[in-house]
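Just below sit the structures, each encoded as structure tokens.
Across the two complexes that follow, chain A remains constant while its partner is chain B and subsequently chain C.
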Partner chain A sequence: MSARRITQGTFSFLPDLSDEQIAAQLKYCLGKGWAVNVEHTDDPHPRNTYWEMWGQPMFDLRDPAGAMQEVRACREAFPGHYVRVSAFDASHGVESIRLSFIVNRPDPEPTLRLQRTETRGRSVRYTLATRGAGER
Partner chain B sequence: MPVSAESPRASGAPADPGPAPEEHVRVDLREALRASHVEEVLERLDRELVGLVPVKTRIRETAALLLVERVRARLGLAAQTPTLHMCFTGNPGTGKTTVAQRMAEILHRLGYVREGHVVSVTRDDLVGQYIGHTAPRTREVIKRAMGGVLFIDEAYYLYRPENERDYGQEAIEILLQVMENERDDLVVILAGYKERMDRFFTSNPGLRSRIAHHIDFPDYLPDQLLAIARLMLAELNYRFDEGAEAAFVEYIALRMGLEHFANARSIRNALDRARLRQANRLFAAGGTLGRDDLMRIEAEDIRASRVFREGRLDRDGRA
Partner chain C sequence: MAESLEVRGAERYRSGVLAYRRMGYWQPDYEPAETDLVCCFRITPQAGVDPVEAAAAVAGESSTATWTVVWTDRLTACEKYRAKCYRVDPVPNTGEGGEREAEYFAYIAYDLDLFEPGSIANLTASIIGNVFGFKPLKALRLEDMRVPVAYLKTFQGPATGIVVERERLDKFGRPLLGATVKPKLGLSGRNYGRVVYEALSGGLDFTKDDENINSQPFMHWRERFLYCMEAVNRAAAVSGEIKGTYLNVTAATMEDMYERAEFARELGSVIVMIDLVVGYTAIQSMARWARDNDMILHLHRAGHSTYTRQKSHGVAFRVIAKWMRMAGVDHIHAGTVVGKLEGDPNTVRGIYDTCRDTVTPLCLEHGIFFDQDWASLNKLMPVASGGIHAGQMHQLLHYLDEDVVLQFGGGTIGHPQGIQAGAEANRVALEAMVLARNEGRDLWNEGPQILAGAARHCAPLASALEVWKDVSFDYASTDTPDFVPLATPAA
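Up next is the complex of A and B:
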């Protein structure tokens, strides 16, 4: 059962977005004047914030077709990776993320395993470890 | 559920199918024309651009074709997106960029491009400086132009036959690919001088065959240039007085004989300099000024031009 789904970013509790839905979200971002960027990773650990960039962030787009091309190209190159689209808003003087959502998931998805380590005084430290990542 | 890369495009077909196709449906072309608001753009083209009759005719024809295609699609007839890539040839200052902007608007109103913006680029924006720099650069420009019109000015500079390792060829190849495969996403307009453009196409036959519309921009006649000058001045809330207009007619005749004459662009520059001289004249005169004084350009503002002095000097020297 591939019911285990990593829930990171916007829309991650929903069923996967279709390409039209992704394009519509991209159109919304571009309409707001945000720059969009495609990133990918094989390790969905919540502390893994910096994913690999797929090309450069795309500034000054007017139409989602160009960004969709990159999404498709990234998916094709890394079918077994998570791919996400992030939209950056520069109105605060820095490029700050406004929207970020996953557009491709590996099948099956890697799982996160909770490891308990006993330390001094029998207190317990918890660690999350990704399992099943990077095997593809 | 894996996201399928095969799912239908977000918005591919330019014409929405609309109501279910029926065989007995009748379509009023005039009504469709009115609904598309293309007529406004065409009228503005007529009003704002002096002369250019062959260009306007071609654009009207193209608009008619596109409109009919759209109506055909609505009635369920086979409607293939026509090739819309264009080539504008003509001397500098004949209105190629302006017409490209209008064309984008027309295509947008007819639904053949989604956004209707124009991304205007030259060789420098497309071609990189080292190996591997060109492709991402060209693709970035293309992505920016998607949903609109990519206007490549002086496109022949992309191809430099004297240097076989020139990166321009790479940009051309990417363009060719995009012009073929992403016809729904963007329209490419190439522009430049006629002869050089022709030479460019001879060495890149693939490019020529992918461009459906070749539009030639004629040079302006002297009285058209005067009309352009009047339009430009009216836009800026200036006007010629009688002497100035006569002087400007003379100016045009002289300027056309000199080199580097760039049609409407030369006229714009001449007017800019006349405004400069008018401002200086007003300063020198002192006193209070009325609305009319600020609007009026006088003969001396025109006659102070170098064209009069040097043009005359030239002829004296030769005579």
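Up next is the complex of A and C:
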């Protein structure tokens, strides 16, 4: 990678998706019967599971254009945050997320600092701390 | 269908030797109960041995029978405990005019009470215990097994399962990517960790110890664990992703394995691994430990080809996969189709379905002989490893779908621009292929163009496609289903 960036999500190694590409993925998710959800955060720590929800998952929405509108609205409200789209599959045997990808990034992105605490013998306890984001 | 020649009463228990089919092990009218465990065996009788008698003998020797009549049967509810062979079919294309000598599929039903709850060791001691060496058979293979829901519910199943593994790793919508550290033997702990760091920071989700890396003179296991976890954590910091390395805890004793697994847990590893050669009981013990310790458990199928590969004799891998899902591992090597190791596409499909389905329907062309309701047992993540590279990404996604770990060992570490570049090439190829698939593009036909398009913004992918463009492993498969023409894909 030319410059390091957070590579969470399904498509982070590709160039940032255009709105057209995002819309195609939304169409795919809705076509599968999954509910799309938009979330945002300023803390990309990999254990930060619960990003702020931009409303509820859109269970009853079947129109990709409507979902795209929510993506745009969240991006406009939080231009300096990470925004991700997740798709929930409620079917038995899954009942979890099926696709999750980032659609907005802060510029510059925060970084994660690895802190090491020496413990017993040569063992080290590792902690990751987010730098450059609003503390939570 | 051969008629029942069963004899009953005093006649049945007169001292001496009686044909198995006459002792009650051949019951052509029997309908398996919902709670029966049902097996399909491929039998090759010795010359002159009647196939139905051979099949009845398999039922007998894998349940209550011995070579002679014993009166002590009459102290038991012996009719319940006798396994019942109820169907014998000739295998297509065998026997006169066929490719091989005559073989038969024998269907045998076993009463639930024959097996100890939750014990693969007990189940297998019956089903594949003595019977595989039985002289009247030239060869015997266990093709498939239907496990009743009542028995399945006595097993833990995968410690973590596909759904929870993805939630823990925060990775959705695409196959996971891994690589086995190479060379598999000889690296010091410090050098070994370098490979782990490069591969994970370059874009892979996992790296992996090979099956035979345990604790040798060149690298004590603690050295490996310490340096690997430094590498894993550094890679998490530069990527913002959860990363893992399968620390192989296989060792001589359970005590050693627990010690190593506990050290891995203390160091914060998300995953440990074991080899199939540790045995079924050790696997179940580690699966229980993994669930108790929030650990993903990877299983390397070391040794399986000694008994799974040849069609005439042994145990089909789909059965091993089924037992391992019951035993409770989270990952299992299950074939690549396109790589360097054995893997007919239809057979591999049957194995993957066995790992991932909630209900696996009967499908003879995939080698699946029974419907199997999995009774909400967790799903087992298949792992595709061995001779695969970025240029095959469209084929891999086509054959193996999304819930799979694709392991590119040589295909990462052998990259001309280095390990990080190799990892990046694989990750970009994968994400581009998933994006395209979701957009509705035809991967099978457009795959090479999609890869070429992705390579325009990723120089390491362009190099990978160039270096490995002519690499394929196009040999006829050995372990193929009997109900379709043989098909091995041209890579």
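Just so it is clear, the second predicted complex is superposed on the first by the 128 of 136 C-alpha atoms of A that agree within 3 Å, B and C clash if a C-alpha of one lies under 4 Å from a C-alpha of the other, contacts with A are read in each partner's own complex, and residues count from 1 in each chain.
What we mean here is this: a contact is a pair of C-beta atoms (placed from the backbone, for glycine too) under 8 Å apart; a residue touches a chain by one contact, two chains touch by 3 or more.
Quantities reported herein were computed from a predicted structural model and do not represent experimental measurements.
With the two structures aligned on chain A, chain B fits next to chain C without clashing. By the touch criterion defined above, A:Ser100 reaches chain C but does not reach chain B. Legend: residue contacts after superposition of the two complexes on their common chain; A:Asp60 is shown touching chain B, with no touch to chain C.
Contacts of A:Arg131 after superposition on the shared chain: neither chain B nor chain C is touched. In the superposed model, A:Leu114 lies in contact with chain C only, and not with chain B. Touching more residues of chain A than its counterpart among chain B and chain C is C. After overlaying the two complexes on the shared chain, residue contacts for A:Ser123 are found with chain C alone; chain B is out of touch. Once the two complexes are overlaid on the shared chain, A:Pro46 sits against chain C while remaining clear of chain B.
Contacts of A:Phe11 after superposition on the shared chain: chain C is touched, whereas chain B is not. With chain A as vertex, the superposed Cα centres of chain B and chain C define an angle of 100 degrees, given in steps of 10.
For the pair chain B and chain C, the model built by superposing on chain A gives 13 Å as the shortest CA-CA distance.
In the three-chain superposition model, chain A touches both chain B and chain C at residues 15, 17, 24. Across the complex, chain A is touched by residues 163, 166-167, 170, 172-174, 203, 226, 229-230, 233-234, 236-242, 266-268, 358, 376, 379, 424, 427-428, 431-432, 434-435, 438-440, 454, 457-458 of chain C.
Those residues of chain B lying in contact with chain A across their complex are 1-5, 7-11, 114-115, 117, 136, 140, 142-144, 146-148, 182, 185-186.
Listed in rising order, the residues of chain A touching chain C in the complex are 1, 4, 6-8, 10-15, 17, 21, 24-25, 28, 44-47, 49, 86-87, 92-101, 112-114, 122-126, 128. Per the touch definition, chain A reaches chain B in the complex via residues 15-20, 23-24, 55-56, 58, 60-70, 72, 75-76, 103-105, 107.
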